[in-house]
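Each of the next two complexes has chain A plus one other chain: chain B in the first, chain C in the second.
Our next item is the complex of A and B:
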């Protein structure tokens, strides 16, 4: 078979991504039709910048979901090697293609003869999974510490702020290197850190529900038992992993095991992000706690956590949503950096950072293995930043 | 120089001006068909409620409407030249030199990173190309003109080193640097205290005469306009409804809105029992929901179906007056002197038992200069020996300017702070040192508060209904969700809001409506004492009357004790039974409303009374202007707290005022004054406010 021309390659890629285009079109059509009823999200569709950002982000989310768990878009096994395809340029026909196999390596093969296109798509799932989840955890930690620091002030604020500054002052990459060093992993430090960091969402949920519903015990008690029960189960499954010092759950109870490397990445990303979130939340809360409705809540004898979580927090949401989008972008880059340094991820992992690092070694001869993941990383982060910009702009209007 | 110097026509001539703002949904007309003329040396007042378009007119004159705003019709002529046809360069030349503007917030109008002197010198250097020395000399002259102490030091300081009143004087000085022909003042004193406001208004008037400047004075305060302007223009919902000279409009108004406005403000003589205020019914229409025909139609007592809402109504001249025009079809048919239709009068409610007692309450704050390394500790005495009693069902007004300690006192009463010394007794139980966390539900719900800022009093992310239900939950009222829900709806009825409001978000409500929700929330647990911290000062005049009435009505029904904190003496006289005047943490005078509002006064009360602008041409006021600003509570004067600004100080022999804090003296039954003045001098005091014989 003849190799494909550049034009044909682009055409075929667009064709393969058809489900993604359909999904994107559906989301946009629905959102634009109902934009007046969708609040801030609807306003996003008044800003071209926001729409571009949203389209880029949704593109990668759809690619990740369809390519990852649904296994739709990928043309070849992301880890499978095909002899004769090593470092082949984009559009090369598959050597010895059999019936039912896709006949080309659309974006060429890497130095281990794997399909670059499929690897980029599989890699997107890793990024889209870890980055938002790690950001959510960082926000939980930052909010749970930032609100009391601002609300109570005084010594508590001084101590927490000092700790936050301490973490911020520590070089991030060095911290990562330390955390993945086998000797340190053996001591169980990352697992213990996971224990500490992942307990915050539980505390957060408990305080959130208890402060609101403590006046209605009939509703509060079953609700808390349900939520905390599920939460604790997830929490224990998460922190208890075989082969680490923290392993106590019998395997029939343990819902899932996180591969050690990914847990370390997760922990470190949450660890370095939460002080920044803490500072933002603290600053916003310092401003909002002077409002009259906070004083009104105080004068009717509300508990401190109710005031923090239900009177102050909801009114900081504008800036927090914007920061959330930006932070997913940073986290994505951070994940890329970690992959690039070969930290955490297994060597054959298709995540973008590791793939760029692999491709880097032959960059002067073969450009094509490194370029697609780099462009993917760039467009996703660009999309997130544009989305954040659009949200900020629109939330300030009117 | 140019031809404009010997121009003697009107300085500003606005004809049929229409301004619209364009949002992504629709065009919002902000000003429609507005005309006015300002002659040289004349001061024109522009009065109206917020959202009526008065500031938009000012911005239109400055040709500074932002990206969304546009003049869609009519012309603005300055000294005969059309501003709309000028180029950007010509406009830049004009702004700041021929037309100057003074804004509401003085701190926001000054560059915080530049010394005052440099900011002032910029004006002549840019507009007249003056040299540095000339500019400095001029700056010094102007700063002396605005009566600031030590002008040289002023020029060498940064804006944050000055007080609010001083900053506003600097802004006025800056506006006068280039001797403008037209000065636009947009609510120049709203951010200032009453006594400081009086001094600034005085200054503006005096300088206007000295420099021969024409003024466009924008305000919501009719009393202030009466004191400063020659003519005024009343605006309603984007239109001028009545314009004429001050005397004509105040005494012989020819538009129903003007009349309704005057009936809703507490003038001397109004009384909550025998002559209550008449609130304007309904709400201010939103700019895109204006009614057809007359904008005021739906709220007007003289509305005639099929006539008032049939066509657009033009401005017509009123016969027999000079330049007096009204936008009303029926003004010639209306009997303007007809007495108010039978108003509901209420029997004066008798105060019951003493329920709240303050005994020598003291609240000190410790402020250390340097928190980390100790440093010298300073004590701020926010409240000094506060003693009073409040009875069931009575209204006690607490009057004073910012920094007098009235908010601190409220905090201690609510339990947000604990008293340093002395006690508060509620129903015989001591609560002065019980913080809010330690208070039982019963106590918490019986002492509640209504807050000042309507835009801040409700949580923006929770529906109105849920906020009231939350208060009910906390106060342990109602056993089930359903019970609390129906109680919440009853509370909405109580504050006269439609029941649909339960599902609305606070941003969908107007200021007055939000304040009603705040009142409903405070009364949710059957409060016995309600502290109202300036509950109406941020509302428009027509809404103020309605909210005040509501508060009074609920109070009468529930027999609540109302502690009404305010700086506005007109409203205090209208609704309170007893008055307590505070200055720098001290109670300087206390007594029945009549005792406090008639001589003998405490010198501070006297000055306060004189400072409050009253919108009534038949009132004659003695003119008392206080020198300087309120001293800082960090560094209070020795002896009597008021001695630095007191005009009676030299009447006390032996410099006693400098040395000793005067004791509280009883002048009559229930009337106490903290002053060294001898009885003879106090007896010689004359009333500050006199109603001229008609």
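Our next item is the complex of A and C:
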């Protein structure tokens, strides 16, 4: 079979991504039709920059979801090696292709003869899974600590701020090198850190619901039992993993096991991000706590946590949403850094950082294994930054 | 002012001690020590051999004691082997055990001995820091003026077409981490696949003799990532200054636009970027590590990777001391400079 020309490669890729285009078109059509009813999200579609950012982000989310769990877009096994395809240029026909197999390596083969195109798509699922979730956890930690630090001030503030600055003064890469090595994982340190960090979302949820509904015990008690029950179950399933020192759940009760390396990466990314979130939340809360409606709530005799979580927090949402988008982008960069230094991820993992690192070794001769993941990471982070910029612009308008 | 400085210095000292203790703790965890023993001896060492190695070198003492020895407030560990020969941290090769000083931590100026490079740590750090200093100097020379020009041009007419395009440019810069832009630059400018071959893809030769051909790519790679962020801060602060009352007055008086920007707005607009530039130093360290790895420039960042990858405890401790001090000192400078630039703020 003839090798494909550049134009044909692009055409084939666009064709394979058809479901993504349909999905994108549907999301945009729906959002633009109902944009007046969608609040801040709808206003995003008034700003061209925000729309471009949103399109880039949604593109990767759709690619990740369709390529990852649904297994749709990938043309070959991301880990499978085909002999004779080592370092082949984009558009090379598959050596000895059988019936039903996709006949080309659209973006070529890497130095282990794996399909670059499929690896980029599989890699996007790793990023799209970890980055937003890790950011959510970092926000829960940052909010749960930042609000009381600002609201109560005094010694509490000094202590937590000192700890946050301590982590912030740590060079990130050094921290990663210290946390994400097999030797440290063996000691169980990351598992203990996971126990500490992942308890914060539970505390957050408990405080959030309890402060709102504590005047209505009939509603609150069953609600809290339900939410915390599910939460605790998830928490214990998350932290209890076979093969780590923290393994206490019987396997029939353990909902899921996070593959060893992923949990460590997750923990260290949350750990690095939460002090910055803490500082932002603290700064915003310090500003808002002097407002009249906070004083009004205090006069009404509301509890401290009610004021923090239901009066102050909702009013910090604008900057926090913007920072959330930026931080997902930053987390993506961090994940790439980890992969780039070969920390945490299994060596054959298709995540973008590892792939870039592998590809760069042969960069002077073969460009194609390193460039697609690099461009993928670039576009996703760019999309998130543009989205954040669009959101900021639109939220400042009113 | 003096009180403020003293308090800040005190906090800095506590922070530095806490951080180095954390690094010390992590590098002295048992699996790490075991790895160290095996890389020092051989990889098929039995557990007993590992333990006796650790004991001989004083690694089995309590953590606080080891940390005290490293600092230099406790007498350092000595070991007498079967033939009565005394070895220890303080005893340099060729030195008599009786003559050797009892304390030799960093307070005495002894940073220890690197197990990877087989050299005293202070020599390695000095040499590598000088190389990274050269890199950082050129990064700063490129990044700071570039970012300020970008930011001022974008911020002086908010919402204009220049503003839009320059802002988008700086957003794209912040969205390109060093390992992406470095790879892209090497691919475009130095690979034989594209064929431009304007620059070299490695900066190893730049360690002795830096020139445009082998040094530009690493410098640009680090500078671009930081530049976008500083430019955005400059733009925001410039845009804010341009809407203020005294600028409007100047315009109504008929001062020409270049004059307003250069003479009236610029100084006030540069306060915020100054802080940001200072706070960029810790992030630049990240970039340095990545770029030195990509371009194989054997500076401080490269040393960090080597030390961390091989659990070279004393080198790693020195690396973290240096980087923590850099971070803390730049924070202090940024705070003090902020007060000097902006007289409206008083130290409390």
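Throughout what follows, the second predicted complex is superposed on the first by the 398 of 398 C-alpha atoms of A that agree within 3 Å, B and C clash if a C-alpha of one lies under 4 Å from a C-alpha of the other, contacts with A are read in each partner's own complex, and residues count from 1 in each chain.
What we mean here is this: a contact is a pair of C-beta atoms (placed from the backbone, for glycine too) under 8 Å apart; a residue touches a chain by one contact, two chains touch by 3 or more.
Quick caveat: nothing in here was measured; it's all calculated off a predicted structure.
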item	value
Touched partner set for A:174, first chain B, second chain C, both or neither	second
Contacts of A:34 with chain B and chain C, given as first, second, both or neither	neither
Touched partner set for A:21, first chain B, second chain C, both or neither	neither
Which of chain B and chain C A:364 touches, first, second, both or neither	second
Larger contact residue set on chain A - chain B or chain C	C
Which superposed partner A:186 touches (first chain B, second chain C, both, neither)	second
Which superposed partner A:382 touches (first chain B, second chain C, both, neither)	second
Chain C-contacting residues of chain A that also contact chain B	none
Sites on chain A touched by chain B in the complex	46, 215-216, 291-293, 295-302, 310-311, 314-315, 317, 398
Residues on chain C engaged by chain A in the complex (per definition of touch)	11, 15, 18-19, 22-23, 26-27, 29-32, 34-35, 167-168, 171-172, 174-177, 179-180, 182-184, 186-187, 190-194, 201, 282, 285-286, 289-290, 293-294, 301, 304-305, 308-309, 311, 316, 319-320, 323-324, 327-328, 331
Chain A contact footprint on chain B (complex, rising order)	23-24, 414-416, 436-437, 439, 441, 444-445, 447-449, 451-453, 456-462, 471, 473-476, 481, 518, 521, 525
Contact set on chain A toward chain C in their complex	49, 162, 165-166, 168-174, 177-179, 181-184, 186-187, 189, 329, 333, 336-337, 340-341, 353, 356-357, 359-360, 363-367, 370-371, 374, 377-378, 381-382, 384-386, 389
